[in-house]
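The first chain written gets the first letter, and so on, giving A, B, C and D; residue counts start at 1 in each chain.
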Amino acid sequence: MPTLDKPDALADYSVVTTVDVQWGDQDAFGHVNNVVYFRWFESNRMEYASRCGLADAPREAELAPILARISCNYRLQVRHPDFLYIGGRMTRIGTSSMTVQHAIYSQQQQKLVADGESVMVLFDYQTQQSCPVPTALRRAVEVLEGCSFDVP
Amino acid sequence: MPTLDKPDALADYSVVTTVDVQWGDQDAFGHVNNVVYFRWFESNRMEYASRCGLADAPREAELAPILARISCNYRLQVRHPDFLYIGGRMTRIGTSSMTVQHAIYSQQQQKLVADGESVMVLFDYQTQQSCPVPTALRRAVEVLEGCSFDVP
Amino acid sequence: MPTLDKPDALADYSVVTTVDVQWGDQDAFGHVNNVVYFRWFESNRMEYASRCGLADAPREAELAPILARISCNYRLQVRHPDFLYIGGRMTRIGTSSMTVQHAIYSQQQQKLVADGESVMVLFDYQTQQSCPVPTALRRAVEVLEGCSFDVP
Amino acid sequence: MPTLDKPDALADYSVVTTVDVQWGDQDAFGHVNNVVYFRWFESNRMEYASRCGLADAPREAELAPILARISCNYRLQVRHPDFLYIGGRMTRIGTSSMTVQHAIYSQQQQKLVADGESVMVLFDYQTQQSCPVPTALRRAVEVLEGCSFDVP
């Protein structure tokens, strides 16, 4: 769920989504399993894509973002029940790639519990090749982030 | 997330939880995958268990509910984005089993999209055997449901 | 993975697939989480669909099986590591529905640990409506099962 | 499932596990979802931990490996059906951390489709603190890898 109300720790993140920790997100160690964080990152990216038009516009042209690389740093364990804020902000736009930084804040612990980075590539599913980031998309992200990105 | 605000369609459900459909809940058919509904049912059961003390009290005695049987009827497809209300109500308490009925309501479609039933058994993880539903638990459920259950 | 080598307990199941229990299939109770069994059933159904031509043929016509109802009976807990055989057999073909029965056998425990039932409906994704089971598909299933199904 | 038979591309990986791609591992883009790769890495790590005694020995002392950081590079899309080999090898042992490198090979494509890295920390669940890698564990890993690791 996208949200306008966000914790101070995520003040610099342009798109903040929220999620309830589900009991079943936990594994046999009794804490949230490592793969679940990537589901949360994904939901945040999808909201980001929706906000800057990345989700809609390119669909006509069979373009869609595809993940090239992703990472997560686990800072603190998360348990059910908890309510999390996931922040996302674009930190770099390359020729055909876009880097989104994520951070996760726990309401229960009042702390950042994880952060990470998604590198997406604009992908043409018809030709199965990456393609340059359109200028209109670059502009939309700049409006969302309130800054300009160097053209690589 | 538990909620007090619930749609009319779930008026008869004592415990209503909510969840945002995540993009990644969808499968290659472009709708929410069938297994995800059971994660939503589980989250609802856990909230139910928390409300009637089933989650806490028995833990001391190494007792916990274990699923004996579960089912789901898929009425309408669900897609991202959507916001769902999941209702749960106890419909039967047997000697050692408890049956919870679930229903899922889509805010997007303003309709019930699925329903199902969980049969739980109180399980002693130390002896690995089922055990009778304690009277205190039966009473707590009766208070929550506002009705009495026949003793089997 | 489909397999020809199957345990005696699944002798009556026409399509048997196998799967390794992954560590991450387990939840905070230290056993395989209830939703995972439905992923296993699904993989078995997909292999079944592939064997009887259900997966391929209808795709041209935008037809595909959609789940109407599914259930699982949990008989014994499953833990990592284990290797499972999942059996599937068609038990009923209605006008537009098909019922597949599943059973799961644990190599570790040398026992059936769960069983269940999937009711699928042939669905036309273009018109968003169910449609009758084609005769050719009925015949293919009869060959696979070595029996004939009454026309409803 | 651990395997001795491994593709040449994974010759340098000491622990190779295998997995069938399940239909349900795919998302609405029709390829395997990004989070699933981390489940495969995890299964490989667990087998690695089992081989070098990391999984058993420390359990008595309430020690267990916890993930500090993980990453994945997606090289090629993966689809169902496919059969994958996941390689794991220890590349660094620090004071309290251990780095495992992973690579995934697709039988269908006969190519490496992804690689990544897991940084684990030995964690004492009782004191909730990281602790030094025991010498016996370091030795066991050296035997498994057939090389020695510098003491940091």
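Rule of thumb we're sticking to: a residue touches a chain if its C-beta (ideal position, glycine included) is under 8 Å from a C-beta of that chain, and two chains touch if they have at least 3 such contacts.
Worth saying up front: this structure is predicted, and the values here are computed from it rather than measured.
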Label-sorted list of chains bordering both chain C and chain D is A, B
Farthest from chain B in C-alpha centre terms, which chain would that be? D
Chain centre separation in whole Å, for chain D relative to chain A (CA means): 25
Cα centroid separation between chain B and chain D, in whole Å? 35
For chain D, which residues are shared contacts with two or more other chains? 23-24, 33, 35, 39, 42
Would you tell me which residues of chain C are touching chain D in their complex? 1, 19-20, 22-24, 39, 42-43, 46, 80, 83
For a test of understanding, state which residues of chain D touch chain A in their complex under the given definition. 29, 33-36, 38-39, 42, 64, 66-74, 77, 125
List of chain B residues in touch with chain D within their complex: 23-24, 26-28, 30, 33, 35
